[in-house]
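Two complexes are shown next, each including subunit A; its partner changes from subunit B in the first to subunit C in the second.
And then the complex of A and B:
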């Protein structure tokens, strides 16, 4: 593998891995707090799948000499993380551990729905990637994404169609998530090289397909398209992050960081 | 007229007792004596809600689990527990139907303190070792009580328990794997595990309930044994547990925090220091170390998501199906 090519592979893998890790970490905080028992079981399945995907990407990075999977997942400081900012944001006010969590289900539904919709388009593109291991992984992950997407799309439709308070909350969540959903579509400062290397299609292509999906759904539900996907808080791929990420990393690495050298 | 109705009831009761004594199983739609139904409702709704509340102590360590592998495993475990809760609440829902009650009523009973959750889930967790210890020794205790009811006279409960017990075996293995990793690790890890055992030992003894009703004022073990819902007494179950786990705990190099603990060869039983049954009584009044915090979390999420239930049309008659 040429060093330049390897660099682009590594860059993309970090983006994919960190996205899945952060969104699944936020999912794990919802345990026991979701609207009903059946959802607790379903959402937990999705979260486990997604964290499993992060694990696969980190394993590919380990094979490329980047370090141990758990070091990559737990020990890298916020400044080195490549995840989109919208995925690191807290689920809502309060803290999951008896800190009066008043988590926002509308935000969670919208964030996950848009995230899975983009992930589906990325995975489809990765199935044609020039990097063989990524192609194989994409085929495997694609067996699970349609179920995740269906789950969140169903919630999205139900809550919008319910009208009243639910619809208002969903519209507010759409406006909020849209402001930063561009961060998930972003391929970062090295986009050109990543695309040139044939690893994945361009942001413009992915965005067009995502907008096509969302436009169709919004038209069906009578929702107004909010315009261009934004990146108001900055591009996580370029190392911009918020305090929410620091907080999340402190939690998820609390035990591992006691002694990363020994088995747990 | 009144006399003949009472006679008819007596005949039904006798037939019912003959059926269960012959080892026959009762289904949800079969006739059953009222105190049998009441005992089942109490037992199964408490078991179901305990699975749901029991997810909380482990939830405290799920996002913090040390490795991705452990994070995935503990998430799957907590998910199983919630799934058990769902399964058991369905069984309880069938039993409360004749009273016009639904799952919503059970949730309200929990909030009002009328429906209790298991005493073991009122304790604090302090470190990652607690998560391992809960999986290993609390689920291990649950396996003992649940397998004791696998032959329960009420068929829907027996069927649910069969599924649940199979999964609990995986949980105990998951917990044991965490405990083994710590027990064979650094001094710091070993201390973490020993500390967890020191704090949880009284809770593990209390798990099976008081040996006699005299100790705590009430016990439902007599009626559940009479109706063949369970086979053994609280004390017998605790003795089985000690026989199974004392050697395993010591085998990992841990010290059980009870100097008086020993097997009495003459009496053929374990001698041990009684846990604080007054604390047990406090726990049954939701005055345990974490009772109110965990109830608060449950209540808060219920209130916080009220708008979602309303949107789904679930507020009046939640999951009545």
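And then the complex of A and C:
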């Protein structure tokens, strides 16, 4: 493998791995707090699958000499993380362990629905990637995605159609998530090289397909399209992050940092 | 030169028959379609397994069980067990024997086909009736969903259909 090519593979793998790690970490914080018990079963299943996707991307990085899977997930400081900022953001005020959690379900539904919709488009593109191990992993992940996408799409439709406070909250959540959903579509400062290497299609192409999906759904539900996906808080791929990421990393790696040999 | 050892290979496969998913003890990993390749060469057995779901917490346990089972074969000097992602595991890899084993455990085998709207129809593993409702597409593990049989009034689980798109 040419060093330049390898560099681009590594860059893209970190983006994919960190996205799945952070979104599933935020998902894990909802355990026991979601609206009803069936949702607890469903969301924890999705979260577990998504953590598995992060794991397989990290293992591809391990094969490329980047270090051990667990070290990559737990020990890299916030500044080195490549995840989109919208995925690191807290579920809401409070804390599942240390304080009364007042998490925002509308925000969670919208964030997950948009995330899975973009992920589906990315995975479809990765199935044609020039890097064979990534292509193979994408085929496997694609077998699990329909369940996730259907789940969040169903919640999205039902809460919007419910009208009243549910619809108002959903609209507010759409406006908020839209401001930063561009960060998930971003391929970072090295986009051009990543695309040139044939690893994935361009941001512009992925965005167009995502907007097509969302436009269709919004039209069906009578929602107004919010315009261009934003990246208001900055590009996580370029190392910009918020305090929420520091908090998430401290929590999720607390035990591992204390003693990596502790069995789970 | 590497010499294939068919009798040792048979022993290895026999041992693999004894390994089950820790949560479905009536179906071997062979009948679940998780064993992709077994190579026995110069006293070393290499087993390539396919993960059913990438985040399945049983993967590590299954791998350790395979290693333990194969280490009981005295003729083997070395055992290597690894997961590969290609070909992807799909639910149509479950054998007929595997499907029977699932039913015995109270789990309906995965349906062969999906309806156009993504839903599916399964027969109750207890009474065979198709008069059932899906209570939750997700279940107690990534690979299962929860159903209720209107005929014999038992809750039951079904393996999710998993296919390449």
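Rule of thumb we're sticking to: the second predicted complex is superposed on the first by the 259 of 264 C-alpha atoms of A that agree within 3 Å, B and C clash if a C-alpha of one lies under 4 Å from a C-alpha of the other, contacts with A are read in each partner's own complex, and residues count from 1 in each chain.
Here is the rule we go by: contacts are C-beta pairs under 8 Å (C-beta built on N, C-alpha and C of every residue); 3 or more make two chains touch, one makes a residue touch a chain.
These figures come from a predicted structure and were not determined experimentally.
**Q** Does the superposition put A:31 against subunit B (first), subunit C (second), both, or neither?
**A** first
**Q** Look at A:147 in the shared chain and tell me whether it touches subunit B only, subunit C only, both, or neither; answer first, second, both or neither.
**A** second
**Q** Just checking: does A:41 make contact with subunit B only, subunit C only, both, or neither of them? Give me first, second, both or neither.
**A** both
**Q** After superposition on the shared chain, which partner residues are touched by A:79: those of subunit B (first), subunit C (second), both, or neither?
**A** It touches nothing on subunit B or subunit C.
**Q** Could you look at A:50 and tell me whether it touches subunit B, subunit C, both or neither (first, second, both, neither)?
**A** After superposing on A, A:50 lies in contact with subunit C but is clear of subunit B.
**Q** Quick one: is A:137 in contact with subunit B, with subunit C, with both, or with neither? Answer first, second, both or neither.
**A** Second partner only, subunit C.
**Q** Have a look at where A:254 lands relative to subunit B and subunit C in the superposition and call it first, second, both or neither.
**A** first
**Q** For A:67, is the partner it touches subunit B (first), subunit C (second), both, or none of the two (neither)?
**A** A:67 contacts neither subunit B nor subunit C.
**Q** Please work out whether A:198 is in contact with subunit B alone, subunit C alone, both, or neither, and reply first, second, both or neither.
**A** Neither partner.
**Q** Check the contacts made with subunit A and report whether subunit B or subunit C touches more of its residues.
**A** B
**Q** Per the definitions at the top, what is the overlap between the subunit A residues touching subunit B and those touching subunit C?
**A** Residues 38, 41, 45, 48, 51-52, 55, which sit in both footprints.
**Q** In their complex, what parts of subunit B are in touch with subunit A?
**A** The touching residues are 52, 55-56, 59-72, 75-76, 78-79, 82-83, 85-86, 89, 128, 178, 181-182, 185-186, 188-189, 293, 296-298, 300-301, 304-305, 307-312, 314, 318-319.
**Q** What does subunit C use to touch subunit A in their complex?
**A** On the subunit C side, the touching residues are 51, 53-57, 85-86, 88-90, 118, 135-142, 146, 160, 162-165.
**Q** Taking the touch rule as given, give the residues of subunit A at its contact with subunit B in the complex, in rising order.
**A** Interface residues on the subunit A side: 25, 28-29, 31-38, 40-41, 44-45, 47-48, 51-52, 54-55, 58, 69-70, 73-74, 96-98, 100-103, 105, 158-159, 162, 164-166, 169, 251-252, 254-256, 258-259, 262-264.
**Q** Could you pull out which subunit A residues touch subunit C in their complex?
**A** 38, 41-42, 45-46, 48-53, 55-56, 136-137, 139-144, 146-147, 150-151
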